[in-house]
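What follows is a pair of complexes built around chain A, which joins chain B in one and chain C in the other.
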Partner chain A sequence: MALEVGGKSIALDEEGYLENLSDWTPEVAEALANAEDVTLTSEHWEILNFLREYYEEYQIAPAVRVLTKAVGKRLGADKGNSKYLYSLFPYGPGKQACKYAGLPKPTGCV
Partner chain B sequence: MSTKNFLFVNRKAPYGTVYALESLEVVLISAAFEQNVSLAFIDDGVYQITKGQNSKGIGMKNFSPTYRALGDYDITKLYVSTESLAERGLTVDDLMELTYEDADDDYAEKPSIILVNREEMAAMMAEQEVILSF
Partner chain C sequence: MADYEIPKLTGEGYTEVPAVKEDTMKGSGPFIAKADFQKAMGFPTDFAAVGELVPNWKERALEKMADLKGRYRSLQVYLDICVKCGACTDKCHYFIGTSDPKNMPVARQDLLRKVYRRYFTFAGKYFPKLVGAVDLTEDVIKDWYNYYHQCSQCRRCSVFCPYGIDTAEISMAAREILDHVGYGSKYNNEIIGKVFKIGNNLGLPGMALADTLEGLEEDVEADTGIAVRYPLDLEGAEILLVTPSADFFAEPHIDGLIGYGKVFHETGVTWTFSSHASEAANFGMFVGSYENMRRVSLRVREAAIKLKVKRIVFGECGHAWRVAYSFLNTLAGPFDFLDQRYPIPQHILEYTWGELQKGTLKIDKTENDDKVLTFHDSCNVARGSRMGDYPGGQFDIPRNVIKAVCNHFVDMPADTIHDATFCCGGGGGLLTDDLMELRVKGIQPRAEALRHVSLHNGVTHMAAICAICKSQFTKVLPYYGFTMDQIVSVHQLVSNAIILQRQESVIPPRPKDDDEDEDDDA
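Now for the complex of A and B:
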């Protein structure tokens, strides 16, 4: 699979995650979201930026439970709950958000 | 699902074989099932949590930062063999500062590393229900 962004072809694996994490740009995130009929809002970006920082620091994509807790601590309890995160990423905050953020699929994602 | 005491025993150096990385992946997965997970670092396994790892020259990802995420996964007991450290000329100061936030104590940051000698390690192992060795 591949995605065309700004005239460049970005390689994706069979589930739509980036083959090379270094290919990620904000435009790639927009294109990945658009391919699934999602338009990224500032609320989405808050979570995507959080995930990229988490990956930078710990070299893993956090499990949903860990993400939820950490978002609550960083952005407040009204955002650190599954209801809010699923409203932004209905296919699962772990899988869908990590895909747009250019992270690998979360370890232990069940 | 019932909760069991799981212990993952790590005995090998972080690079050169895939044991350390595989162990870490299984640890994170088992934590997602809300089991009571502890880790032990014995023999060359103590190198897995040393500071300042740099794997650039061997073309492998340096996954040592991931150990610092264990606290987020409620894995708060990392038993390290004092004999194994001493045999390698290491002290606790050569290890990463691994901590967790204690939810029962106003989220105070506490050390996850517990130094134990052989007898204490054996006693701790006797309390486990499932032991997986890597």
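Now for the complex of A and C:
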């Protein structure tokens, strides 16, 4: 699979995640989201940016609990829960948000 | 939401046997593993592209079949003795949910059996048509790949088979053959590779694990006022806890993990996780690969030796417990260096139940009064292992623990629990998004039983003791109108009810500076 972004072809794996994580740009994120009929708002971006920072440091997406806690701290307690995250990423903050943020898909019994 | 029909629930508590609809689940199966993933597991990689077979695939497949039936006497017996009585036909959750006759256990077995007959039996060699024997063709291989990835190896059919034929073993053998001709499943094989490379299914490196555990300690202290420790790589600890990596990551798994730590804290035992064996799951079993199952198991032994522990305890994980209880000693034993006075290995529920009986834990059951619980027996625990020291302990002990910490408990209908339990629909290496239709349809019998006790007994929550079950339920039960927070870990219930009495952990506090050296196990 591939995704056209700004005239460039970006390779995706079977499940629509980036084949090469270094291909990621904010435009790629927009395109990945648009392909699933999602328009990224500033609320989405707050999460995506956090995911990228965490990945940068730990080479893995954060646990759901780590994510909700961090979101709660940064954006207020009313947003620090999985309900809020699922309202932004209905297919699961772990998987859907990771896809747009250009992170590998979490695997295993999750 | 979906381009297929989601089965309707009646609330009656049982599912009607559906009229057969041929080929409803015909397809190409889950994504196929690329060469990199196959290489990590020692499988052949000489296929030209993903989806193509290796050269001489037919000979190599038959050679593998001969090898497996020689290694496992059970496999040959199962292939030989089926009398087509039909007792298994309506016992598989995937058949009930999909109506596809190839999901009847006997038909699933026959996909392999008819080829076995053609090449390995007298009648099949000379009179194939008389005995339903067929040639091994590319189409047969593709059918294997599709339908052996519609079996969660839950073994419910084997309970009802008068000969005890275990479809799971046949499906494991089929996957092992497929892995040797270029048809490995991406989901399973990518994950096993991560266990070898990083230490767990998730690919959670040591540093991230340490950070997650530190965060949990903060949360539990904020919540209870007591500094409960969740130690990593603590040398000389009494107990090594091996748990599925989903317990560090997903909900409600992590709430169960918090519970394990509280129980250990309260009983005053030293314990630790290992960054080397930071995974209980053993997907080597799902793909029928003895060699890979052994390699995954050996990590537990290595970690136990390195950390000089006396006991090994497994967290809430279904198939991990089957491997641990039934095979660990053969795969990675002897465990003569452990304390022989305790079960080797022990299940966390055996540990907690023992402490509850001793009265070590102070429990306030009213903390769970907002819930009416039921319990989902995980197939690999129910039908592939045991707990405690008597037959059926694996059914009683989880319920005993739940009843000791909750006031309201109701079982689902009798033919959906204990050794007749229905699979969650995502076990056996099928918990992947590319099999979502199968997972949605396969959960139907369990969803029906849950709906029944919801309507008639006011059940609000279902507890489970397997990472796969918990993930499958939270993801797929919403298709049937349930909500994801209705699924809980058993140790989450313990965690809610336990009132910590011990003011200080027997494990030294975490050093204050953040720069601990965590080794990133390669």
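Definition applied: the second predicted complex is superposed on the first by the 107 of 110 C-alpha atoms of A that agree within 3 Å, B and C clash if a C-alpha of one lies under 4 Å from a C-alpha of the other, contacts with A are read in each partner's own complex, and residues count from 1 in each chain.
The rule we apply is simple: a residue touches a chain if its C-beta (ideal position, glycine included) is under 8 Å from a C-beta of that chain, and two chains touch if they have at least 3 such contacts.
Predicted, not measured: the structure shown is a model, and the values here were computed from it.
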{"item": "Partner chain in contact with A:Ser82 - chain B first, chain C second, else both or neither", "value": "second"}
{"item": "Touched partner set for A:Gly92, first chain B, second chain C, both or neither", "value": "second"}
{"item": "Partner chain in contact with A:Glu15 - chain B first, chain C second, else both or neither", "value": "second"}
{"item": "Comparison of chain B and chain C by chain A residues contacted", "value": "C"}
{"item": "First, second, both or neither for A:Gly102, with chain B first and chain C second", "value": "neither"}
{"item": "Chain B and chain C contact sites that coincide on chain A, given as residue numbers", "value": "57-60, 62-63, 65-66, 69, 107-108, 110"}
{"item": "Residues of chain A touching chain C in the complex", "value": "14-15, 57-60, 62-66, 69, 82, 92, 94-95, 104, 106-110"}
{"item": "Contacting residues of chain A [partner chain B, same complex]", "value": "57-60, 62-63, 65-66, 69-70, 107-108, 110"}
{"item": "Residue numbers on chain B that touch chain A, as the complex places them", "value": "25, 28-32, 61-63, 65-66, 68-69, 72-73"}
{"item": "Touch list for chain C against partner chain A, complex", "value": "31, 186-187, 190-191, 194, 200-205, 207-208, 211-212, 215-216, 219, 244-246, 248-251, 254, 279, 281, 317, 431, 433-434, 467-468, 470-471, 475"}
